[in-house]
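In the two assemblies presented below, chain A is common to both, partnered first by chain B and then by chain C.
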Partner chain A sequence: MSLSKEAYRALEDIVGPEYVTQEPEILDTYCFVWANELIFGEKFSPRPLAVVLPETVEEVQAIVRACNRFGIRYRAHATGFETSAITSSEPFLPIDMRRMNRVVEIDRTNRFAVVEPYVSQARLFLETMKVGLRPNMLGAGPSASVLAGTAAHFGSGPTNISTDFGGRNLLGAEWVLPNGDILRLGSLGTGAGWINGDGPGPSLRGVLRGYGGANGGMGIFTKVATKLYPWYGPPKLQPKGVPPTYGMVIPENFSVYCVILPGRDKMNDFFHLLIEESIAFSIQRLNPALGAILATESNDELWELMKNIPEEQRRAPVFSAIVLLDASSAREMEYKEKCFQMILEQTDGTVFPFDDHIQGLLFNNSVTGQGMTRAAFRSTGSFIISPVGDEAVDALTTLTELSEKEIVKEARDSGQIMETAPEPVWGVVYGDGGAHVEVITMYDPADRASCKKTSELLEKGDKKIVEWGLGINSLENALSFNESALKAALPQSRDFVKWIKKIKRAFDPNNAADSAFYVSPEDY
Partner chain B sequence: MFEQDALATIVGADNLLEHEDILRAHSGDFSFVPRVSPRLVVKARNTEEVQAIVRWANETRTPLVPISSGPPHSYGDTVPSVGGAVIVDLNGMKRIIRIDRRNRVAMIEPGVTFTQLIPALEKEGLAPLTPLVPRSSKSVVTAFLERTPITTPRFHWESQDPLLCVEVVYGCGDLMRTGSAAGPGSIEEQWEVGRAQIRGMGPSQVDFTRLLQGAQGTMGIVTWATVRCRPLPKLKRMFLVPSDDLGLLIDMAYRITHKKLGEELLIVNGFNLASIVGETREEIGMLSAKLPLWILLLGIDGAGLLPEEKIAYQEEEAIEIAQSCGLELKAAVPGTSAEEVLAVLSQPSADAGWKLKGGAGCGDVFFITTLDRCAEFVDAAYGLAGRYRFPVRNLGVYIQPMVQGTNCHLEFSVSYELHDQQETDAVKRFIEEGGEIFANMGAFFSRPYGPWARIAYGREAQTVIGQRKLKNIFDPNGVMNPGKLCF
Partner chain C sequence: MALDTYEEDMLRCTRCSYCKWIPHQVMSDSHFLTVCPSIDRYNFHGWSAGGRQIAALSLLKGRTNVGEKFLDMIYQCQMCGGCDVSCKIERDLEPYEVMQQLRIMCIERGDIIPEHLLFIDGLKKEDNMMMESKEKRGDWAEGLNVKVLTKEHADVLFHAGCRYSFDHELWSTCRSALTILLNAGVDIGILGKEETCCGGRSYEMGYASELMKYAEHNTDTWKAAGVKTVVTPCADCYQAFKVLYSKTGQKHAVEVLHITEFIDRLMKEGKIRLTKRVPLTVTYHDPCHLGRLAEPWVHWEGKKVKVNGQMVVHDPPKKKRCGANGVYEAPRDILRKIPGLNFVEMHRIREYAWCCGAGGGVKEAYPDFAEWTAARRLEEAAVVGAKALVSACPWCKRNFIDATPNTDARVEVYDIIELVEQAI
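Presenting the complex of A and B:
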């Protein structure tokens, strides 16, 4: 695929010459993406055709229409993070949404915010906490796009116990369909504002996204409304410490705990009780290795820490969780603390006595998602998540157990990936029940053997999770290049993939919206 | 006749109903949609039969109208819009397939009513999330497929709740399981590894459950669903907060949801509360005169590890909120007590439902708005009552905070004499013309029954285009409930 001069001029006419470019040194910044090496064997994916930066929904619409007219494949890109944000197998047109970065509205009374694609969750949190509110926070960290986690990609994060899954917070969307038409979802379309994203009648929100988002394969969202939640802390948090291992002063009526559970079953019980009691602000299942990286400033410091731990202890499974409680009053906090202590008693949980510094750091991580991504990247330079599961709590601990036994241990023993305690897992639980886990593999992107071992692990994860009957891997395709996870789930995935492909064909007749991380129109 | 034989082969001749009285009963309801008699009623007993019926309908191009709840019906969605339709009656599919206490999920067939589900869940230490006093014959699956609001906004994270996964026979005859029920493996195999059909979104990158919700049976027929339940409280407290000023109660409702207090939270006017607790029309009339103008209902569950403490701290918090709003939590108001209200709210309404007690007719207008806009809609509704000359005292108002208080369901119900043509005409105008007026004020008809479909769909052409694309995919021959919504 190439971009004709006529097509380029058309893009210039839409956004002005300063906001479209084919300069190689700029284009290459759009194809140097984390984990590309696992797909292409090198850091660079194919160089884009051009990059265009619209400022308004009208410009986005005109660009999409031009793409349909000139036969150009396009995909929107917001804060970007991983391969699903921008990698593709062939050159396409990234539509960089960075100029659309406004917090359009914060409705304090009805607790929702309307944002454009480039609004990060940190920014929205900073704005909303001033009025006693907060958004869902993604595990991807403070710089992640609110819109991406709500409408376009995924949505798990530390606060899911009190905010639920990101995709369940969508209240409305301004949506440039793959053919360039604009659809205003739900109440917005009928002139009733951004208050409800479902209806009239059957909800097109189901086309906009499923469990995973369409990753640009179903058009472009230029604004979304996302639900907000009560924030019982101060209007501004007080940083404490020095980056990168900085925390926050823990405000009144917040308590953070690192809990060690004596076994898998007790950990399951612990999560079930916390879901049912509805007392937590955030809950994360966290492998101690990730916690240790999070708490140290450098790999050298980490190594000093690790080598002082006896090997058998380093290799022993640890079932641990970070829990943050919040309350709107001292009375409520007293109740929640008492309830939490009872949960600990019932599950034989113990609280690890971290000092104030680590407590502040864990608080910051629990509230903002800050640090986890840094932790996952720092030790080796890259990481991937696989297998990934999302269902009942008990099923997911089975998933992490089986992953350790049948996939991860062998890879770890090969010496090609980062050594961690068994079950290198990050996980969260949802407010309405159920949970999410990601098995994290840290690998060296500059080392071919490490990349090869990681690619094998990915492939094995896709197959094994289906074999175990525990799901479909890689966020059910949302992190799978060219439908690899869906294909690994064949023949079982065929029954539903055919419907997704029909929807793709119906809404994107020219196959203009790039489907590298969605589904292609072609049937299997 | 030949086609009928084919149906008899599928379900057995005993399950084909064509008696004139039965067909007449299905040809209309309490709404004002035109009466159209179905050709036949077929009672399906399982998924295989449903699938065979839908395939037969595609071969014969026969319109199908699925129905799961028992009568009476109120919104016209179960009345055929075209002649020659076959009613697919799922009321006999009454299996409670599984109750999963640990994950708080029940898997049920479409004929399961709240009356049936409540005691079954109670045995397992659970309770259903319910609409406001559903009628005894109301299908749980239909209630949630139609996004009927529940009385417990704390458990209503979003519009899809508490519906999770479903098994559906699409209009084309294909079978699919949605959400995490899609696979891998059979449902039984999923149970074996601890899965609970608990994630309603998906599978993968389309939310198929959502494409069926609010569809009024136009996309396919759901043959089972998983629904989220709540822990059965060990203790329970109900409070009534009366006021003549709706604005104060709205303020209190916002504060309650901001503090995430309690479970049941709703506001009704005196007439509606009288209709809920009263037995006869006379009693309702008397109670209505006694009850406060507006009442906020707040229920607090004593569930979990510390039931007494939970109720105690939440009650104290609620008292403080009420005081700050110039209100008071009460155990009784003139005409009824919190205990009586709690008892009524805990069970489905007997027979026809709380709005139709004593043989009255009832016309509803409901839509989604935000709590802070309710007062202006209420003023408009009272204005319309004057314009259409029906008694304001018979206008019920129900405000249900939804999506944890982010928006709300606002419902006006007009009780009328079924045989009084003047009253009937006035109510009909209220529903049709009033709908238009409310929509112009910014009401969102997310569940556009009958005349509201034109109002809702007339405002966003792309929604119509998009939904028709879906209809063409899942029901290409248009056999499922034709004439509804924008189809």
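Presenting the complex of A and C:
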């Protein structure tokens, strides 16, 4: 695929010459992203055809129409953090949405916010705290795009117990379809505002994103409405300390706990009881080592702590969770604390004794997702998630157990990935009893042997999760490049694959929206 | 450390874009969340620290060449270091050093910004970055009864710096600074026309050899003059003397102080008293070279090793420079002690302050961008209710003054010395 002079001129006419480029040195900054080395054997994926930065929905529509007219494949991204935002197997047109960065509306009464693509969750949280509300927070951290996590990508995060995941928070959407038509989703489509994603008006949330999100393969979202939830904290959080380990003052009526459970079954019970009692602001299945990672300024400092811990202790299995409780009053907090203590008693849980500073760091992590990138990236330089599951709580603890035995242990013993305690996972639960879990592998992107071992692990994850009957790997498609996970799951999922390909063909007859992390229109 | 020694850092950049924002923990207003003027102004990812890591790798791998656009991408950046602070919250990488070494590599290859070359030629000929005659360097101090240390001895050397020496509009501030110290009884002198550039600004443009030259020259001069302390009202000079000279391995036994540190010390010793009211609401702009970039250099020799499988650590352990150890309290202490003055903070301060726009060779090569950046800062000052923005660096002040017509924000611009003078 190439970009003709005529096509480039068309893009220039739409956004102006300042906001489109074909300069190779600039294009190289749009084909480099984490995990590229696992797919391509190097950091750079194929160089894009051009990069364009629109500012309005009209410009986006005109770009998409031009792409259809000139046979150019395109994909939009916000911050461009995820592999699925930027990478493709052939040159395409990245549409960088950073100029569309407005918080359009915060409706306090009806509890929703309307945002453009480049509004980060940190920014929306700052705005909503002022009116006593908060959005769903993504595990990708404060810089992640609210719109991407709501409309285009999976959107799991620490607060899912109280907010559910991104897809469940989508209300209205302004959607530039793959062919350039504009569709206004839900009640927005009948002029009734952003209040309901299912109407009156076109109810197409399943088509727009399905469960996992189409990762750009179904066109471009220029505005979405996302649900907001009560925030019982102050209008502004209070940081303390100095970088890189800024602390955070825990506001009144919030309590954070790192809980250690005596085994897998008790951990399952713990999650079930917390879901049942609806007392938590956030829950994450995480190793207490997170506290040490957040509290240390560097790997050097972390290793100085770790190396003195006996190896058998470092590698002992841990079943643990970080839990944040919130309440609207001291009285409600008292009730929730009592309830939480009863759950601990029933599950033989104990609280890991972190000091105030680390509790402040864990609070910040639980509220904003801050620190997950440090935990995932700092130690070795990069990480992947595989297997990834979305299932019932018990099924996912089975998934992590099987992953440890059949995939991760061998890789860890090879020395080519980071050594961790068994079952290195990040998991969250939803209020409806579902859950999301990611098996974390940290590898060095500057080390070929480490990359090779990690690629093998990724491939195994695609196959094994199907073998175990636990769904499709990477349902969020973050690393399911060119349908690798779907192909592995084909025997069980042929119908699902057939239908999403039909939808893709219907909505994108010219196959213009790049689908490297969704589905191609061709049947297998 | 040559650029290629940072190749693994480049490979470990994950394009998270944290370098574009202030640290998320300290965000307080949704209009002031970003830290990088370059990406805010030019938008394409290459105009960010993350983008420049990729550009550097692309160059090392032979994927791209250095052309005009590449140079714009590299040099439309003030080297303010905000990105480095934000990146290091999450990562053990050195984005600032990659950008610095990339500039040095460009110069070594002969890939030069023509506008910079004019200033570098001037520097080589006249020992200053203002394209002025070195014969006029001491003119700013004419009429002041001060020792000239090429002929006399004093314990303290007052180093005016290039901007104060040649920017006539700022001379009164520089003269006030020296007068305040003289009146406080400090045994102080100047070098007059024998003073030279610190070499810091040329280093930021990538001319590493010029820094070496001036580091050697200045430290030799200090030794010959027998001074115990060097005090400067210029944040750029301060950072060069304190951090960059140390980075180059230039050893000296002289105490380096910024004027704010010295005044703060003299106030605590009772030698300067601020007694007159200055009824003004002001905010303080942290100069990058006095703040995050002034953090002492960390000397370390060793190697990177892997432990715990693939975890990357330094052997021996290396202290991380994260920007918190700059000069932040001394200027604030001074302002808080000025009677009648109402001091308010902006949303981006200390290690996560927004840059004035003048650094990194931007003022010299891209003056519009420099003023655009300063205008954003003036607007931030106005938003927090300040009637005046106070800085502690002549480059900041010059750029803020130049930017004033580019914004509706009506904010007066002062150097902190001017307020101290008013309060004495």
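The criterion applied here is as follows: the second predicted complex is superposed on the first by the 513 of 524 C-alpha atoms of A that agree within 3 Å, B and C clash if a C-alpha of one lies under 4 Å from a C-alpha of the other, contacts with A are read in each partner's own complex, and residues count from 1 in each chain.
Heads up, the rule we're going with is that a residue touches a chain if its C-beta (ideal position, glycine included) is under 8 Å from a C-beta of that chain, and two chains touch if they have at least 3 such contacts.
Since this is a predicted model, take the numbers as computed values, not measurements.
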Fit or clash - chain C, chain B, common chain A: fit
Which of chain B and chain C A:Val497 touches, first, second, both or neither: first
Chain B versus chain C as contact partner of A:Ser379, first or second or both or neither: second
Touching partner for A:Ala173 - first (chain B), second (chain C), both, neither: neither
Chain B versus chain C as contact partner of A:Cys67, first or second or both or neither: neither
Which superposed partner A:Ile322 touches (first chain B, second chain C, both, neither): neither
Superposition-derived comparison: chain B or chain C, residues of chain A touched: B
Which of chain B and chain C A:Thr79 touches, first, second, both or neither: second
Angle, in degrees and to the nearest 10, that opens at chain A between the C-alpha centres of chain B and chain C: 140
Per-pair minimum CA distance [chain C against chain B, superposed on A] in Å: 24
Intersection of chain A interface sets (partners chain B, chain C): none
Contact footprint of chain A on chain C as seen in their complex: 7-8, 11-18, 21, 23-30, 33, 43-46, 50-51, 54-55, 57-58, 61, 63-65, 67, 69-70, 73, 85, 88-92, 306-314, 317-318, 320, 322-324, 351
Complex contacts: residues of chain A adjacent to chain B: 109-112, 132, 164-165, 167-171, 177, 181-184, 186-187, 189-193, 195-207, 209-215, 217-218, 227, 230, 272-273, 276-278, 328-329, 331-332, 334-335, 338-339, 342-343, 346, 390-395, 398, 431-434, 466, 468-472, 476-478, 486, 489, 492-493, 495-497, 499-500, 502-503, 506-507, 518-519
Residue numbers on chain B that touch chain A, as the complex places them: 102-105, 147, 154-155, 157-161, 176, 179-180, 182-185, 189-190, 192-196, 198-199, 201-216, 218-219, 228, 231, 254, 258-260, 303-306, 309-310, 313, 316-317, 368-372, 403-407, 439, 442-448, 452-453, 456-457, 459-460, 462-463, 465-467, 469-470, 472-474, 485-486
Contact footprint of chain C on chain A as seen in their complex: 19, 21, 23-26, 28-30, 32-34, 37, 43-44, 51, 53, 79-81, 86, 96, 98-99, 103, 120, 122-123, 126-127, 141-143, 236-237, 239, 242-244, 246, 248, 297-301, 303-304, 306-307, 364, 368, 370-371, 373-374, 377-382, 412, 415-419, 442-447, 450
